[in-house]
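Shared chain: chain A. Partners: chain B in the first complex, chain C in the second.
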Partner chain A sequence: MTLQRVMHVEDDESIRAVAEIALTDVAGFTLLSCDSGQSALAQAEAFAPQLILLDVMMPQMDGLQTMAALLQLPSLKNTPVVFMTAKIQQSEKQRYLDVGAIGIIEKPFEPMELGDTLSELYQQHITS
Partner chain B sequence: MPSSKTQVDISEAFSRVRQRFERSLPDRADAMLALALDQKTGNELSQLKAEAHKLAGASGTFGYAILGNLARKIEQLVVDILALPPELRALKIPELNKQLFVFKQTVSQVLGSSEPFASSDAKLKAEQRDIWLMLDNTQLLTELSTQLQAFGHKVQQISNFEGCIKRLQTENPALLFSQVKQSDGADLFKQSLLLNLLQQRQCPLLVFSEQDDFSLRIKAAQQHADDFFVQPLDVSNMISRISELLEQAAGSKGRVYIVDDDLMLAEHYQLVLQNIGIETQINTQPQKIVDELIYFQPDLILMDMYMPHYNGAELAGVIRQYPQLRRLPIVFLSSEQNKSVQNRALAHGADDFVTKPIDDLQLAQAVTVRLARSLQIKNLIEKDSLTGLIKHSAIKEAAELEYERSERSGKPLSIVMLDIDKFKLVNDTYGHATGDVVITALATLLRKRIRKTDRAGRYGGEEFMLVLPDCDAKQAQQLTMKILENFVILHFNTARQPFTCTFSAGVASTADQAFENAEQLIKNADEALYRAKRAGRNQVC
Partner chain C sequence: MINKIKQRYFSDTNLYLLITAAVLLIMLASAWYAMQQRQQSFTARLSHLHQLQLNQLAQLNYDARQQVMLSAQLVAADQQIKQLLLSAAASYRINDQETELGLLRAQALPLLNHYWQTLLPYGASQLHLHLAPDAYTFLRAHRPERHSDRLADVRPLVMQSLNSGESTVGIELGRHGLGQRAVVPVTDQQGKVQGAVEFGVDLQKAFLQVQAGLTDTGSDNSSAIISMALLVVPDITDVLNPELQQNWYQSEYWSTPASFSPLRYWLDSNALPQQLTEARQLQLSYDDRDYLVSLLPIPVWGENQPEAQLLSISWQDVTAQIYTQQKADNLIWLIWLAATLLLLALGLVLVSHLRRQAQHEVADQQALLRQSEQKLSALYQLSPLPILLNRFSDGAYIEANPAMEQLVGYTPEELKQLSYWDLTPERYAEAEQQQLKALTETGRYGPYIKQYRHKNGELIDIELNGVLFSDAQDEKFIWTIIKDISDIKRIEKLKDDFVSTVSHELRTPLTSIGGSLGLVLGGIGGELSPKAEKLLTIAHKNSQRLNILINDLLDIDKLTAGKLRFEAAPVFLPKLLQDAIEHNQPVATQHAITLNVVSCPPVHLLVDAARIQQVLTNLLSNAIKFSPANAEVSLAAEITDERVRISVQDQGPGISEVDQQRLFQRFSQLDQNTEQVKSGTGLGLAISREIVLQSGGEIGVSSCPGEGATFWLELPLYRAALPVNSPDAILVIEDDPDTAHLLCEFLRAEQYQADWVADSQAAWQKMAERKYAAITLDLKLQNENGADFFLRLRDNPATENLPVLVISAHIERGKLQLAALANAIDWIEKPVSPEILSLKLGQLLSQLPRQERNHRILHVEDDSDIVAIMRLQLENQCEYFAVATLSQARATLGKEHFDLILLDLGLPDGNGISLLTSISETQGNIPVVIFSAQDVSVENKLKVQAVFSKSRINTELLAKYLKRTLTELSR
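Let's look at the complex of A and B:
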């Protein structure tokens, strides 16, 4: 099974716009782009993503809180999560992996490669 | 197949998003500063942290690594401040404000790298300062005044040293052109007050002597005169030298690309160099060095010798593999004292060593000296001796570089080819010396009219080329028309009679159609030029 449906949660409008082009026009995914954890929660079940791409630092609900809330939804409980964040330390990275994220993408990211990176992470996840 | 959209659609879409981001930057920088300056609710620092964090992530994605690094630094600083007890936070606020100012300045610097055309006329007027002439030779004085005025310079005649000193108290000339004499007791070189004032004002000094005399030349050099002219004065050459000096004073002092794995240190070098007017960029990843060099076009590379992944000599070796980067001077920063290791690095393509640790003043001096020499050599190699414009091969290279940059940025690139009309007739009628004056005049006009980011080159005998990044066909046409309007009103004086000249020009732009490479774009501009010639000359097609 290949990656097709991706949900992206990010409060920065410009990053959302770049990711949207990268994931739809370049990678050919079906994308749901949300500007907050709350909005993601409201739409997630109906959209049924195969993978969730989450910004770490957002106002109100941050990435970790959003992840926890999303995975509590019954139909989403096994959905893999990838975090996206500005340069971080190794210990912090480990923390995200420990809570169950399958990967971390560092900002700045290369838009032309974002789709491929997610696909690879997704393949590794479902075959492991 | 993932999508029906073409590569062009996608890069256009990216470039629209990037432009939106760029447009938002000045406001976002101001908003951050406002948060730091006006802390009322106590929540401002958290907001500032969130905004800096966002900018840190987004800036890099849009190719502004410098802004990304600065934003990250600001974010870290806010985190540190928030960790302090509230009563101690105020102590750190000045440092935060300083960082935010640096960010704001850097924003206007990176965005301002291609200024809009509309401003260049106003800029020309606002920045124009007077040229002061202090000459005994009245015939020369009159001739020089007339010629300089024809190029749009404002000229003041100064009669003596006292008058000059008095006026220097309140006025700020663009440059002083003064006569010197060996025998004269009240010689210019004895006027230490006057010379001091000029230095303080950073006002260029050009001297003229009726005799070529070594001891006078030495004195001129001791007093930091910018040039020494001898009778008979080559007026057109002198005017282009004056334009060059004025452009130098107004423009950037050069660009330095910094490679150091220690980001803090690299940013420190950056601040030191920016303070003395040098543009800088820091390497983000060793793998991106060649791309970034092609994009930034530095005049010099400052590189740490020892870095964890690839050492300086290896990176220098890679840089030298690219023909267009082969001449770029590389200066190593290193604590290496061992001469044989230094020599080995020099053999691998480095040009010089600066020994670490180095204090700020030493760094500024070391870089300024090497940069000036590098620019001089570049000028000698690239510039046409008659016009001071870059030569055929260099302007073609510039077109290729700008073509690559435009492909990446998605911003349009325009090329203009210009050719002086019936130039052979000018040469045949008035002689080659007069022909050279016409060529120099057009060259000087071109240089004065274009933006800092544009390039003008002498493509052939009487043929010129302009490379105009971030400029569409309409803007290029307007600019060229303006230059033509200015050119046709110039009167060239000869023994026989004054005459005027015209030129024809052709414009091609990537905004209008897709080109496979720079060569095609140039060819297209050439074809447009021939259409202008066939349609009767004295026009832009």
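Let's look at the complex of A and C:
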């Protein structure tokens, strides 16, 4: 099974726009782009993503809270999550992996490679 | 020490007392001596008169002796008297013819009377004629009517003379009083004593005359009146006439009336001596008056008391003289005392003057001291830094300055009431102990960062620095200067927040900028004109550069704050350098720069390899950037003492000395007018410097403008922790000297001894000289095919099992040749890496002991994957056992014995560290190797053989290490 449906949650509009092009035009995914955790929660079940790409630092609900809330949804229970963060401390990376994220993408990211990276992570995840 | 004694024993008061006592003692002693002398001369003067008296008495006695003896001899020499005496003696002998005797007496009387009358004026008291043998008194001149008695027979002088036939003379005390007597015997023609003439004078009168003379001498001076008496000792007065007895003491002959009373008193109070052999003087008192008493003993013959003694006693009232003397004495004492006091006063004044002078000096010094004290005190009082004085023994607060009150809210008075732990939270107890240790060992402590509890309960961050000192009483105190660092802490936190926020806020727009540019350049927006593409590429590159700058900023911030963790582990230096070259090769190629390693000792460093790689990359990329095209950048390493110096040398423009100094500061890119725009953040060297410093090393540069630059770093060398007994000797058989040299170096780095020979002939020779644990063999030898040499080795019983490591560029061909004989053989393909060489050699060598006994390893690990891998790696080398929990491990350890324990720490039922005790209890001192993802404290690191981090070492290397350890064990 290849990666097709990706949900991206990011509060910064510009990054959202860049990611959208990178993931749709470049990678060819079906993308749901949300500007907050709340909006993601509202649309997630309907969209049924194969992978969730989450920004960490967001107002109101941050990435971790959003992840926890999303995974509470029955249909999203086993959906893999990838974080995107500007913070690069090793300890923080480990923390995200510990809570169940399958990968971390550092900001700034390379838009031409973003889709490939997500596909790879997804493949690794479903084969293990 | 001396000062202390002075202070303790020589206070002002004591000093003065001491001087006073000394002066008084000296004056008293001299006064006493002088008075003694004075008293003696006084007594001598007084006794002079008495001596005179005694002399006269003695003279008198002597004169009387001469007189009586001469007189007696004169009478005895008268022939008529002698004839009459002899006739009388004859008649007396033939029955007492009284008639006959009467006639003879009548004839003798006128003759005797003639002498008597002649001698009477000279004090004669007796002139007797006695007849032998019983002293019959034939005639008494002074009383002729009394005769024919034998009273003289009790008088020793007469009896002695009659018996001995010798004349006798002496003072005799008898019923007639005291007299000087002489008895001269009268003998017949046959020489037989027939009678004796006795003559005596009355001494009492003579004594009286002497006394009168003495009294007269001093008549002009009443004090010179000398009383005198004669005493018979012992008292034999009972032999005297009752009449004499009665008057014994009262008689004017025996004593003067005036002197009676004191004499009586002295006799009654036994103040006079009983027996004397020579003259003596005494000072006695009576009725509040003082007397000088002189005594002269005179031997006497008493009736029936031959041993009696006559004492001539004279005494004089010397009260007046003594009084005068005493008055004079008192006066002298007074003067003496006055002199003493004067002297004392003078002495004290002098001393106190000297002392005052000294005190003035001290006062001057004290004034200076006070001034400086005031200065210091002002400093102390006005210091914006809190200053605190604690007692060392119990930490009690002794003093504090106003700034302290501002800091903690307690007044200095309140502070004194507090216990140490009122201000310092209890949780610092352990840290306090460490500071206290530093204080006692070095006399100072700090900087020590902790917190104080303010009076209002808030905690304040502070930094302490203190010193220990002792006061004059040897009590110890601690001065502490306190710095309120709560602001610094607050600012630090602000900065941290700021940095974190900024990095996020900067990256967010950068993400979309870089992303957009990346997409456009990736062709998403359609075909770009060459100009647009060039411009967008510049923009894209610079957005990337901006990102690197942000990363560097965060790096340096964490580094300088000490927040970056370093995981030091042994790193093989050649590999480190090789990796550095490989990493930077693309950039070097881009700039047409050649990178090479000039020299590199095969040693290990104890560093965090990733961080040092970061430093090397930074140095290399700098060197590449600043070198002209086609230049060479060389990497070199050498050992200096306990360190390794790695240097990166370029052929760039070089760096001036001024620039060298600020090179390692942040943002110190050199403003050189180079056309080459050097991309960089200006933080690279600052980051490198921090990394090297925190790795326990140093970094620096040496350069001359125009001659390139050499950046160097020195890092700590890692010494193998494995116990190396006698290292194994390996023989290297290799015809290429360069390869041989390299092999030997590799071997020596792994603690083998290596000998090199170039051909098989030399190899046989060497093997005869020395026993080798293994050989490395190049199949292509000069004089012989390596394979043939190997076959000959196996044919020889001495070397048939010698491990052989074949090193060849063509091992496949060699393997075909030697496959059938492949015992104790292994293969390495050229080029040789030191790790493989070490690994294969270790395996070869460990195969021998394996035949004797298999080592047993217990692996405590809950990850079944790791267990499976380790089992694969180890099971043909040893017996490998694995358990997954602490309880299983304890049970197994209790039952079985192992040679090595491999320990994971994060186990389902606890931390593996807790097993260390059971291991040493059940297994003794066997090596324990920790292989875990968890950190191990330094303390625990010391307890085990080695610690490997799961993220730092792969299982292959671990297995290699374990095999080596087991090989060491079997040796």
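In this text, the second predicted complex is superposed on the first by the 127 of 128 C-alpha atoms of A that agree within 3 Å, B and C clash if a C-alpha of one lies under 4 Å from a C-alpha of the other, contacts with A are read in each partner's own complex, and residues count from 1 in each chain.
Simple rule for what comes next: a contact is a pair of C-beta atoms (placed from the backbone, for glycine too) under 8 Å apart; a residue touches a chain by one contact, two chains touch by 3 or more.
None of these values were measured; they are calculated from a predicted model.
Chemist: Between chain B and chain C, whom does A:F109 touch in the aligned arrangement: first, second, both, or neither?
Modeler: It touches chain B and chain C both.
Chemist: Using the superposition on chain A described above, determine whether A:D62 touches chain B (first), chain C (second), both, or neither.
Modeler: neither
Chemist: Per the contact definition in the header, classify A:D35: touching chain B only (first), chain C only (second), both, or neither.
Modeler: It touches nothing on chain B or chain C.
Chemist: Taking the superposition as given, does A:T24 touch the first partner, chain B, the second, chain C, both, or neither?
Modeler: The first partner, chain B, only.
Chemist: For A:S14, decide between first (touching chain B), second (touching chain C), both and neither.
Modeler: In the superposition, A:S14 touches chain B and chain C alike.
Chemist: Determine, under the contact definition given at the top, whether A:A86 touches first (chain B), second (chain C), both, or neither.
Modeler: In the superposition, A:A86 touches chain B and chain C alike.
Chemist: Would you mind listing the overlap between the chain B footprint and the chain C footprint on chain A?
Modeler: 12, 14-15, 17-18, 21, 25-26, 57, 86-87, 107-109, 111
Chemist: Using the touch definition from the top, list the residues of chain A that touch chain C in their complex.
Modeler: Residues 12, 14-15, 17-19, 21-22, 25-26, 57, 86-88, 107-112.
Chemist: Quick one: which bits of chain A touch chain B in the complex? Just the residue numbers, please.
Modeler: Residues of chain A touching chain B: 11-12, 14-15, 17-18, 21, 24-28, 57, 59, 84-87, 107-109, 111, 115.
Chemist: Residue numbers of chain B touching chain A in their complex, please.
Modeler: Listed in rising order, the residues are 1-3, 5, 9-10, 13-14, 17, 20-21, 24, 50, 53-54, 56-62, 65, 68, 72, 75.
Chemist: Please give the residue numbers of chain C that touch chain A in the complex, ascending.
Modeler: Against chain A, chain C makes touches at 500, 503-504, 507-516, 518-519, 522, 524, 543, 547, 551, 554.
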